[in-house]
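We call the chains A, B, C and D, going by the order they appear; numbering starts again at 1 in every chain.
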Amino acid sequence: MAKIEYPLILVNYKTYEQAIGKKAVELARAAEKVSKETGITIGVAPQFTDIARVAEAVDIPVFAQHIDPITPGAHTGHILPEAVKEAGAIGTLLNHSECRLRLDVIHECIKRAKEVGLIVVLCTNVPEVSAAGAALNPDMIAIEPPELIGTGVAVSKAKPEVITSTLELVRKVNPNIPVLCGAGITKGEDVYAALKLGTKGVLLASGVVKAKDWEKALLDLANAARKWVEGR
Amino acid sequence: MAKIEYPLILVNYKTYEQAIGKKAVELARAAEKVSKETGITIGVAPQFTDIARVAEAVDIPVFAQHIDPITPGAHTGHILPEAVKEAGAIGTLLNHSECRLRLDVIHECIKRAKEVGLIVVLCTNVPEVSAAGAALNPDMIAIEPPELIGTGVAVSKAKPEVITSTLELVRKVNPNIPVLCGAGITKGEDVYAALKLGTKGVLLASGVVKAKDWEKALLDLANAARKWVEGR
Amino acid sequence: MAKIEYPLILVNYKTYEQAIGKKAVELARAAEKVSKETGITIGVAPQFTDIARVAEAVDIPVFAQHIDPITPGAHTGHILPEAVKEAGAIGTLLNHSECRLRLDVIHECIKRAKEVGLIVVLCTNVPEVSAAGAALNPDMIAIEPPELIGTGVAVSKAKPEVITSTLELVRKVNPNIPVLCGAGITKGEDVYAALKLGTKGVLLASGVVKAKDWEKALLDLANAARKWVEGR
Amino acid sequence: MAKIEYPLILVNYKTYEQAIGKKAVELARAAEKVSKETGITIGVAPQFTDIARVAEAVDIPVFAQHIDPITPGAHTGHILPEAVKEAGAIGTLLNHSECRLRLDVIHECIKRAKEVGLIVVLCTNVPEVSAAGAALNPDMIAIEPPELIGTGVAVSKAKPEVITSTLELVRKVNPNIPVLCGAGITKGEDVYAALKLGTKGVLLASGVVKAKDWEKALLDLANAARKWVEGR
């Protein structure tokens, strides 16, 4: 399985029209460029139909947005972990607030991901649920208070106690799981605040995908991460 | 909230035809009789439509089989925790293998149950998922390997390692949660084995509901629990 | 199976706190009283936990709010058609906007309802979907534009074309299915408008359940239906 | 929107391991070759991650296996009709037995597909449900009795009455919708029987995908269709 160097900036394309097809690849290229310039890891999570094209074009971590808890077989319309892997993804988001899963299904998906060699970024909504998720041994947890998603009000500044409480509860259950945070992240200062609180990076979407200048937006985020790394 | 004395034998009526309406009440009466004779707590979980009739007729703990994560309002066709409580239930099963829920929904249901004063028996399938469940602070956890449910092959005898592993993982996350086990339990010796392994009781269904003589079947189970209590 | 006389006023209790337990029975009694006074059929759809108590207390049609497509057996937490029938319901709502179902599940539920002897009121959102529903032979169709539900803006006055278009499309597929309408119905004039458009009655919820004086609210509705019947 | 010439042989890759990535393309090439040789339209429905690669490589109709009822926006992990279209699909399966949808969602998906210019092949299980589907104006209906899917026992030979009844009921609701049939189709004679009954083609999966020699299997099917066309 691929190794991720932290801090990580992970860009979820969702199903935004700004990042479909060729534009999915262009956004990934901007991320790759900024990553090389700053030395900060930037991952991208395009739609399923764009994974192969993006993974072929760039040398940064590519994630799926979801997988189903299935093995190869008769599962029309579902997302096979093997297919996502073959297309070039090194991991996947799981249980995103727009794609919540059953508890037993999350467990099964994480098992399947490990079998196939995919990194799982398990999304959660509150500290207790993050602790529950930690018991299932995902590779990362991304805490995102749903009420802040897409608002531009950064969780790391508006609700730091959600992050610190998550870090504390997750650590008790499983001290080795890196925690990201998301929701409302749009600026470098949001990233800096997130890292300072103890997270290993950020998960964001509209803050980058809907930005007029992708490179500029990513550079702002990555420079803040850079600054934090150098200040440690 | 009601206090449960352990060990607990909890009988899930599912939607078996043997225990609808008047027969739901009769089964509860048999449970009440055996409970009084043996001193062992026996709870029943009838269908929603039978909760009020059962709760009115007997003085043993009555559970719902499920609740939804809702507050009073516009939720046609859903199970309101307040309604279940008003009908006389003191608690509810949650996330049964035939009624699995999303991780965030389980969290929300447990919160709502506490607000309303309902005991939550969270059902789980494997040790890791039980540990995850423990992080959400239910009142009990009932581990039931789905492959044994309804088989008559008792988990406490066929897969004791599932129970001991569950107890160990749950204890690490939250040492105060009583663990029940279920799946395949039909005889007193299955109950005895379950208690000996460290559980606080059993969750069962067909083993009682489909028995020709409810009282006899319940007496066999309760006597075994009695024997274990006295032998401690 | 029970026979319904039209026009029908059908009151969905949803999970409103105003109509749980004893209050569920009181509301049904108010409906029964108004029904006797006016000669207009008024049905009620309480929560599952209240069906038995309501059905025992009154002599008006009682409906469930939902059924599951199951036969007696191992279906913890689900709604068995047989149980709903045994509790005293003569029918059920199906596919309400707050409880939408899969196409194949609707078909299965209607089959099960017929086997058990339950009347099905299939809820739909738009004319095309109503026509699709008609092909599955429910006993009634209730068209409710979701955007008007709970608004107090009556579909029969604000969107009469939705109703007439539904009547036309449903008639082509199956000319014998009575069509109700719902969403925003609160006053007698809304009922009168609905009947004048060609429907056989109305499905409503908050307009009655949240009214300060149930009897008065129901009387207003039933009198309007009465007036329409006499004016034919 | 692309025009399909009938009869149509539509190959659903499901999530079979035999047809992922490069092999997804190879299978499509075999289909293209046989289609050119025989003049019979052969479509393929690969996994989402393979649509772009397959559509780029071949000049036959490519379908998605599912779409979600969404517009561009915040829908992590879902299937955007626009993305499927951009990747090169001309249509999509919908409501396959392994991916059943809510009635209102099917309606919404068909609307969205039309907006985007995707052909919808609506899958159904029984004649009544097919008639219901016809009211929603999909571009094709594919009737597949679930109990025969994957068995090798062809619906067109084992249950011809399901097909004729479907054709009759669909025609009443909407006489212009081509009906395919599926389930158990593996041989040319199954295709011939299906066409003779009045269908416009077949939907199949394992019969081709799991065949040792894709070209041979497809040729057998296409030749039978050819024979039927010439015999009309």
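Throughout what follows, contacts are C-beta pairs under 8 Å (C-beta built on N, C-alpha and C of every residue); 3 or more make two chains touch, one makes a residue touch a chain.
What you are looking at is a predicted structure, and each value in this text was computed from that prediction instead of being measured.
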Chains in simultaneous contact with chain B and chain C: none
Distance between chain centroids, defined by C-alpha means - chain B, chain D (Å): 45
Centre distance in Å when chain A and chain B are each reduced to the mean of their C-alpha atoms: 38
Sites on chain B at which at least two other chains make contact: none
Interchain contacts (touch definition) - all pairs: A-B, A-D, B-C, C-D
Contact set on chain A toward chain B in their complex: 95, 100-107, 124-126, 128-129, 131-137, 169, 172-173
List of chain A residues in touch with chain D within their complex: 12, 14-17, 20-21, 47-53, 65-66, 70, 72-80, 82-84, 86-87, 93, 96-99, 149-150, 205-206
